[in-house]
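There are two complexes below, and they share chain A, which is joined by chain B in the first and by chain C in the second.
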Partner chain A sequence: MEINYKFLIDTFYIVLAAVPTTLKLTIIPLLAAAPFAFTIALIRLQKGKSLWKVPVSAYVTFVRGTPIVLQILMIYSLLPSLLNALMKAWSFDINVFDWDPIFYAYIVFTLNIIALLSEVLRSAFGSVEKGQLEAAECAGLTKVQAYVHILLPQAMVVAMPNLCNLTVNLIKGTSLAFLMTVKDMTAVAKVSASYGYNYIEAYLDVFVGYIIICSIAQVLFHFAEAHMGRYRLSKQK
Partner chain B sequence: MRPFSLQFLVDVFPILLPFLSATLAVVVGTIFFGSIAGGLLAWAKEGSYQLFQRLAQAYTYIIRCTPPIVLLFIVFYGLPKFCLEVLDTNINDYDKLFFVIISFTLLFAAPVSEVMRSAYEAIDHGQYEAAVSIGLSPWQAFFHIVLPQATVVALPNFGNSVISLMKDGSLAYTIGFIDLIGKGQLIVSMNYGAYAMETYLALALIYLMLTIGMEKLFLWIEQRFSRHKQAA
Partner chain C sequence: MLKVKNIYKKYKQEEVLKGVDITVEKGDVVVVLGPSGSGKTTLLRCMNFLERADQGEMEFDTISIDMHKVSSKEIGKIRQKTAFVFQNYNLFQNKTALENVTTGLIVGRGIVKTKAVEIGMKALEKVGLADRASFYPSQLSGGQQQRVGIARAIAVEPDVILFDEPTSALDPELVGEVLAVIKQLAKEGKTMVIVTHEMKFAADVATNVVFMADGKIVEEGPPKEIFLRPKEERTKTFLRRILPQEEYNI
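Take a look at the complex of A and B:
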């Protein structure tokens, strides 16, 4: 099969130049989602009935039960016109259609990650023994202190493998940002391929790009897990 | 901004639902071919051939890092070119379902091989040895003793893989395959972008029912398969 090697190499640099966009689309939603996911996890772990449990569970089920393409299409068709209507209603002189589409991508991925991350945190907190919280409170720590200093460090070690999966899936998911005209790795490859119909070469570049990024993410998580679990490992010896 | 039309939401369901068969065709076809490929990969990983083991592990790793849409595009653009130039056969006019199933089979095989491998390892090796020692052949021991037990172990994870396959399958519309989402996109563009929200919400509800139904189905199969375990 004839492969245009010059194009393959040239496009690889173009794809590499779009790596920061992919990283931004991964890191910003993860950070933005963390506090919300944390809250949802705590609400769902509460004993007894709570007014918030039903809507929060419905939200998580909705996000987990629908494809992310659909979430992208829904938000990208709704949010700009909704914001535009709001801006007009409040008579702000802002044209939302001038905004960088990456703004909407952040929102879609954040909303998606809130639900998925809350499930990861929920199972991680559930795995930490209940006695730990009681012991911390007996020792005079407030509930917040107990969570921050006692439960969170233990839960994070447990959550690491799932967090790694979540991050890798999010990195892969960002490849759909081109549906919102964000110029990420997939989008720039697609554009440069369309000039000479060199789709195979362009997508091979993207393919390699994602393998490299995901590999780096997995190595980082591996080190983070080893670092955070160092007390656990020394105890086992 | 135009108010939300509940009427359209209701009306769009009967237009969308016939295309459920296309979505399910992708899922069923991929489960069939993907399970065979996944089984082969799991066999390679558990087998004693170093080379096969490494290859299967490398394949699983690479697929884990590949976005579904990129693989879909590579197969859709690459396979016809490959077949034309190397095998001298023209497959450009093949049904898009063919390319979709090939892509998702490649994707599905990797996680499923991991599910199968871990289920196989979960079964105590003593079971196999006991079966062989009472006179069963290795194949009989595998099919009658190990496989039924491993299936029960594998079912929950297999169900999860199928559900994520179904969600990834929604990407097939990007190469022009008309499934639920593809039809939804056609409806939206036929209305010049109007009623987009209603159409997408209807699709979301259909997918939600599909995933919840799938979850229930696998739970039911699991209970059915493990009835002997409960009796013991």
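Take a look at the complex of A and C:
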């Protein structure tokens, strides 16, 4: 077997050019999911019974219990036709099938991350001592102020390792976006390879690409955790 | 100034408070004594609505409140006038000593930062920790943390400070520094309600001692009356059990 070095290097640049797509597929769903995930986490942490608990827990269980490939296939085959039917019913002159498929990728990954992120946040908020909220309320803070100034900063530090895990998994998971014809790192490499059957070289390029991105993400999270958790300094000694 | 009447509180089947009345006038130091499980802490927590009483009325200055059906707005009003010192300090872990004191002022009461820092430093000075202002709770000893807790309480100039066993979680050698701070506050005429097991301290600072057992007030009066001439048999047995140990501490 011969490695085509020229192809290896050329394709690496093509893969690099697709890095922004992979980053967009990671960051946009994470940001879009955050408010929903917070809401779900707080609902599930409430004491006693709440009307919302059952559907919300069912949603989390459903997402966690199905492979993301399946979620992608389901939504990508259902949603466009559904939207198309709606557009027709409301007589909008919009062709849904012209939309950039990345739009559907955002939706799938956001729906997926909402469930996973809510679990990360739930365990993080659960780890903050109950007394912190009591003390904040006694100091004259409202519940919202207590969450913003006291509970959230502490919960985020606890959440950092899991959040890093989730982000890295999402970065790797975005490689499945090629199923929706999104031109991310994996997809462009595969397309390049298909002209001359240089799959090994193309996969090697993608491989290196993901390792670099994921390593950078891990380093960033490490620094973020150290910075946000600096109040724990003497405990770590 | 602060009057609480007829508080009842039940946890599942367990009746913890069975009709407790307590009155606190301005400048009073009310010390609540009693064996564990007598409902002292629950009483204090109900007074600040950390627990919701099943029944009871509160009169605070001109405000009167049904303690069971109280609205969160009313709770907010009461909490602006009171402060609470916790058994396990409950300092905000993500804030420095100074920020612990100023957060209630800046966020809770909308006081400008420079003014709040000034008030906060004064409060820390009072508890002898001005040089620890930039330390996080994890860098402070238990006694220092509790003193910051007290600074946080006095900084908001509350009408009454509630102390829930402020020295129970401390190493014996650190108890003294915290009690000294509270004694100083008593001298300055601060109004306080203190739940404690420190008998000698109670006798020193109290203007009024309340002895509780089994969710009820058994006896109350000036410390001299309660410690030297207790009327009720329940009080006598409690003091007999506690006081001999105190001899070693003196």
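Convention: the second predicted complex is superposed on the first by the 232 of 237 C-alpha atoms of A that agree within 3 Å, B and C clash if a C-alpha of one lies under 4 Å from a C-alpha of the other, contacts with A are read in each partner's own complex, and residues count from 1 in each chain.
To be clear about the criterion, a contact is a pair of C-beta atoms (placed from the backbone, for glycine too) under 8 Å apart; a residue touches a chain by one contact, two chains touch by 3 or more.
These numbers come from a predicted model, not from an experiment.
With chain A as the common reference for superposition, the partners chain B and chain C occupy compatible, non-clashing space.
After the chain A superposition, the centres of chain B and chain C are separated by 100° when viewed from the C-alpha centre of chain A, nearest 10.
Of the two partner chains, neither chain B nor chain C is touched by A:S91. Within the superposed three-chain model, A:S215 lies in touch with chain B and out of touch with chain C [touch as defined at top]. In the overlay built on the shared chain, the residue A:Y199 is in contact with chain B alone; chain C does not reach it. Comparing chain B with chain C, more residues of chain A are touched by B.
Touch criterion met: A:Q154 reaches chain C, while chain B stays clear of it. With both structures placed on the common chain, the touch criterion links A:V69 to chain B but leaves chain C unconnected.
With chain A used as the common frame, chain B approaches chain C to a shortest CA-CA distance of 26 Å. Residue overlap on chain A between its contacts with chain B in one complex and with chain C in the other: absent. Chain B contributes residues 1, 62, 64-71, 73-74, 77-78, 81-82, 85-86, 166-171, 173, 181, 185, 188, 193, 196-197, 200-201, 203-204, 207-208, 211-212 to its touches with chain A in the complex. Across the complex, chain C is touched by residues 129, 131-132, 134-142, 145, 149-150, 153-154, 157, 230-235 of chain A. Residue ranges on chain A touching chain B, taken from their complex, read 1-2, 61-62, 64-71, 73-74, 77-78, 81-82, 84-85, 168, 172-173, 175-176, 186, 199-200, 203-204, 206-207, 210-211, 213-215. Every residue of chain C that touches chain A in the complex is listed here, in rising order: 48, 50, 76, 79-80, 82-84, 86, 88, 90-96, 103-104, 107-109, 136-139, 152, 156.
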